[in-house]
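Supplied in structure tokens, the structure appears directly below.
Think of it as A, B and C in the order they're written, each chain with its own count starting at 1.
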Amino acid sequence: MTFVICLRLRPWLPLLKSKNNFKIMGGFFKSSIGRKVAMALSAFFLMFFLLQHLVINMLSVISPDAFNEVSHFMGTNPLVQFALQPVLIFAVVFHFVMGFVLELKNKKANGVSYAKNNGGANSTWMSRNMIYSGLVVLAFIVLHFIDFWIPEINTKYIVGDMTGLHNGEFRYYHELVEKFHSPLRVGAYVISFILLGLHLAHGFTSAFQSMGATAGRKKNLQLIGKAYSIIVPLGFIIIALFHHLTHNH
Amino acid sequence: MNLTLKIWRQKDSNAKGQMVDYKVTDISEHMSFLEMMDVLNEQLVNSGEEPVAFDHDCREGICGMCSMYINGEAHGPDRGITTCQLHMRMFKDGDTITIEPFRAAAFPVIKDLVVDRTSFERIQQAGGYISVNTSGNTQDANSIPISKHAADEAMDAATCIGCGACVATCKNSSAMLFVGAKVSQYALLPQGQVEAADRVQNMVAQMDLEGFGNCTNTGACEVECPKGISLDNIARMNRELMKATIK
Amino acid sequence: MALDSRVPKGPIKDKWTDYKNKIDLVNPANKRHIDIIVVGTGLAGGSAAATLAELGYNVKAFAYQDSPRRAHSIAAQGGINAAKNYQGDGDSTYRLFYDTVKGGDYRSREANVYRLAEVSTNIIDQCVAQGVPFARDYGGLLDNRSFGGVLVSRTFYAKGQTGQQLLLGAYSAMNRQIARGKIEMFNRHEMLDVVKVDGKARGIIARNLITGEVERHSAHAVVVATGGYGNVYFLSTNAMGSNVTAAWKIHKKGAYFANPCYTQIHPTCIPRSGDYQSKLTLMSESLRNDGRIWVPKSLDDVKAIREGSKKPTDLSEDERDYYLERRYPAFGNLVPRDVASRAAKERCDAGYGVNATGEAVYLDFAAAIERYGKEQAKIQNISNASDAKIYELGQAIVEAKYGNLFQMYEKIVDQNPYKTPMMIYPAVHYTMGGVWVDYNLMTTVPGLYCIGEANFSDHGANRLGASALMQGLADGYFVLPYTIGDYLSDDIRTGKISTDTKEFEEAEKEVKAKIDFFVTNKGTKSVDYFHKKLGKVMWDKCGMSRNEKGLKEAMVEIKAIREEFWKEVSVPGSASEMNPELEKAGRVADFLELGELFAKDALTRNESCGGHFREESAEESGPQKGEAKRNDKDYAFVSAWEYKGEPADAVLHKEELEFKDIELKQRSYK
């Protein structure tokens, strides 16, 4: 898959700095298709991020020590912190803002709505409701930020404690386990991940279609997309449930 | 069979429309959907009412004129056909059938079920052609061999009848299947290469100007398209546009 | 007025070239000052509009649909002929010319047909350059198929949608000119009259079908390309909106109408299923390449099939009558359309029709599926292939060739034509007759041109398959754009034509008066009521075979229907809005006049030729017994009718047909 991404990405690298060739509209990324491409590009980044996030979190199930090590590395490595993290934040914000902008534009293109519309006859629920699954994921991200990201930033950059230690031990694993005590939170996580799965079920192949990938690869792509949209959210759900069930006080 | 029809009635483009109920009786299952509409209209004319205006012409599924949204689907519940080829055997006695015009901001209603699709015309005028004079003084038709595969694929794209079912079906009222089909036809043929970059940019720009929505790849258009135009054409258009932009 | 066909002198091979060399031209700077109106945007009108605009004229194009792409040329399925001889099977310009004249039963104008055959090859070159995706073979070169009435393979095709692809080609050429501002396109407009100033055509009156507004449009010349009048029969393979109005209006303003009785009844259409039927659907003639036509030999089997106790597939080879192969061994299932249609009617009249209405014969693909299957098995080195495997392989080939037609059949009839033979019956399809034009394609009104199916010129009394597309594009791309210059070269100093003249005013008043009549008339019957009534008379008495008694009755009956129409027609709604019933009323009013002239023309022509079969004129003995008998001594002429008020009073003008390059023979396909 990475190979496919690279192959497809290569020709567009110069695109970011290319001069606008459009005669009527103001540039590639202002055109409808350009926006699709932008959505797809941010989606690719987010999907890659999700995958690595899952791998690291999985370590918490297998080996708390390894999880602590990697978390500390990610949390203190300047490249991750000051290069990748801003890109990630940008990608998240961009993907959501663009998603809303497109939704609004599309609503406007719709005109009068049908008295009777049988959308289920020709498309999947997921594909028609990306905005709703996306909103749930957005709500989740807010919760997730409050849970992890804000305390983390507070500890590291406001309090100024870059040691990653608490009572002489790495704090990461402990903090993770702590959060999964509440069944409410775990429930919210599980629901959010199901919605994320639905979002990905359409989003994965959709991103490739937007980037121009067609028939020859389509069957394999759909298979990979299905696998990805099930495995990744399921992995996160397993992690949440694992810690919730194994660390009952 | 006897049916109840819920039909969108709207006097003209400025008027406010509404759904109106009608009853038709003794409909044969061998009738086409439009013949059933003829029966209704004959009934209305005989009782001095204005018949329901709807677009139709060839009644064999190729002119692309007929354009009804029937029971929540463009061209009705059957696949691979236009409304004129839909037959009443798809319905049951006692059914209620909802009939609406194709909806999209870029397809304003003219009257009842008739919509204005000239936005499609302007997209075609923006670049849906190969700039060759019709003098007949071109080179011999067999001087450029074209692989059967490419010719067949171009033909598949070229079978689009411009009915607008893709737009009507799309939750975003996107015209990308229509535009993608035309872009693809020429992109697949050597004759179309010379203007390929300008063509795709101009057609996409015009499509955006007309107020069509964005494609979110739901694939509904492909399912409802009476000619089975493939989504691959949209992907090809995306590629063509990217190629054109970095050229 | 004497008819002058303006055919240039000289040997037939050189006429067109010499003529083009000597014709008056308009210089490019002057073309900008000349306006041309093109009514109708099918293959002929669309290609003419595009080419004239390319040349530099200002074109105003009119179509009653919402786009030029909807014109009924789009429905042509099978293909387009051209004398390319890519197959190396001995084709040539002369042979295409010969086949077309013979196929037309020697009732067309030689010089026009030769020109048509000459430019046919340019059409293919042109269309390929425009991006028309014609079918190709594995070497990447263009593929051909064969069509009825000829012995070579010269038909180019794009699946079963050749007309669509050619029309979209012409449409794309138009779009290019619309974008350049050289064509002003008037969609959803219907021409309701032509305006003559000092005897010349100088404009039209058109109704905007959205707003109902009646508009005046002026030009230095008017081109009518509005197709045929098959809908005079109510049921035909034409589009619902196809009409004779533009052609009929110009006829009433002085253009002679030629050979109205020459109608093509196409042999392979889906049979009628009931009284509600609104139109008939054609199955391409190309199906006769592989399909075999038959009815049962015994009437008992016919009865059993109609009752449903037997299926067609139950009948053995011996129990089937492949009547075309029996009667015409040389051409078999590929005889010309008129011959195939009459043969189907003959069998059905004799009681052998295979559906409930008794009006259907079988078109069977089982043999073709088996043949292709065996061929494929050999190609794929499958030895001892089972019957099922052979069937599967063969079906794939048939599907690749005719898939869309088979699908269409199945959707309409609800039977699978791969498994059971198709049922077909002849239906009105094309009209060879039309507005009389000279070699320049100009009517008897100066500055008024008529092209495509709307004119009469190239197909004589019967059109061969895949020739309509050829003629439409030839007229529009390669003939009219030259010949019209000859006329317009006198108009370079005329300047813009004003629409504020009494001629425009009068024409507009007349049009408005008729519209007002319709919307205010307190009638009791719908327009369709009259149209169906007319259609029945036409089909029964002016259909596949005609006789004196029937034609005389038809004239009386049509007149009576017309009189009732003007009293009893009811049109709801108003004139100042979109009003489809009003549109139909105007069209049916014209059909009701044309129908009578049609019958009169058929009555006058007491011979059988092509699509016109007079029962009084059939071979009485010999091997050709029962076949059509032409009478060259008395009827080798074009009947051009001049309007004189009532259709019955129309005056006949004869254009004698001379055959210098082809020997007149009885058309034998035995």
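In this text, a contact is a pair of C-beta atoms (placed from the backbone, for glycine too) under 8 Å apart; a residue touches a chain by one contact, two chains touch by 3 or more.
These numbers were taken from a predicted model, which means no experiment stands behind them.
Listed here as common contacts of chain A and chain B: no chain. Among the remaining chains, A is positioned farthest from chain C, on the basis of C-alpha centroids. Per-chain CA centroids place chain A at a distance of 36 Å from chain B. Chain A and chain C have Cα centroids lying 61 Å from one another. The distance from the centre of chain B to the centre of chain C, each centre being the mean of the chain's C-alpha atoms, comes to 26 Å. In chain C, no position touches at least two other chains. None of the residues of chain A touches two or more other chains. The touching residues of chain B, counted against chain C in their complex, run 11-12, 28, 30-32, 34-35, 38-39, 42, 44-46, 48-51, 53, 55-65, 78, 80-81, 85, 87, 89, 110-111, 114, 116-118, 120-121, 124-126, 128-142, 144-148, 151-152, 154-155, 158-159, 161-162, 185-186, 189, 191-192.
Chain B meets chain A in the complex at residues 6, 8, 19, 69, 71-73, 77, 98, 100, 103-109, 169, 171-174, 176, 197, 201-202, 204-209, 211-220, 223-224, 230-232, 234-239, 241-247. Against chain B, the residues of chain A that register as touching in their complex are 11-12, 14-15, 18, 21-25, 28, 31-37, 102, 105-106, 108-119, 121-124, 127-128, 130, 202, 205-206, 209-215, 218. Of all the residues in chain C, the ones that touch chain B in their complex are 47, 50-51, 54, 65-67, 69-72, 74-75, 84, 86, 119, 122-131, 133-142, 158-159, 161, 164-165, 168, 171-173, 175-176, 178-179, 185, 187, 210, 237, 239-241, 273-274, 276-279, 281-282, 407-408, 411-412, 414, 477-478, 526, 528, 570, 572-573, 577-581.
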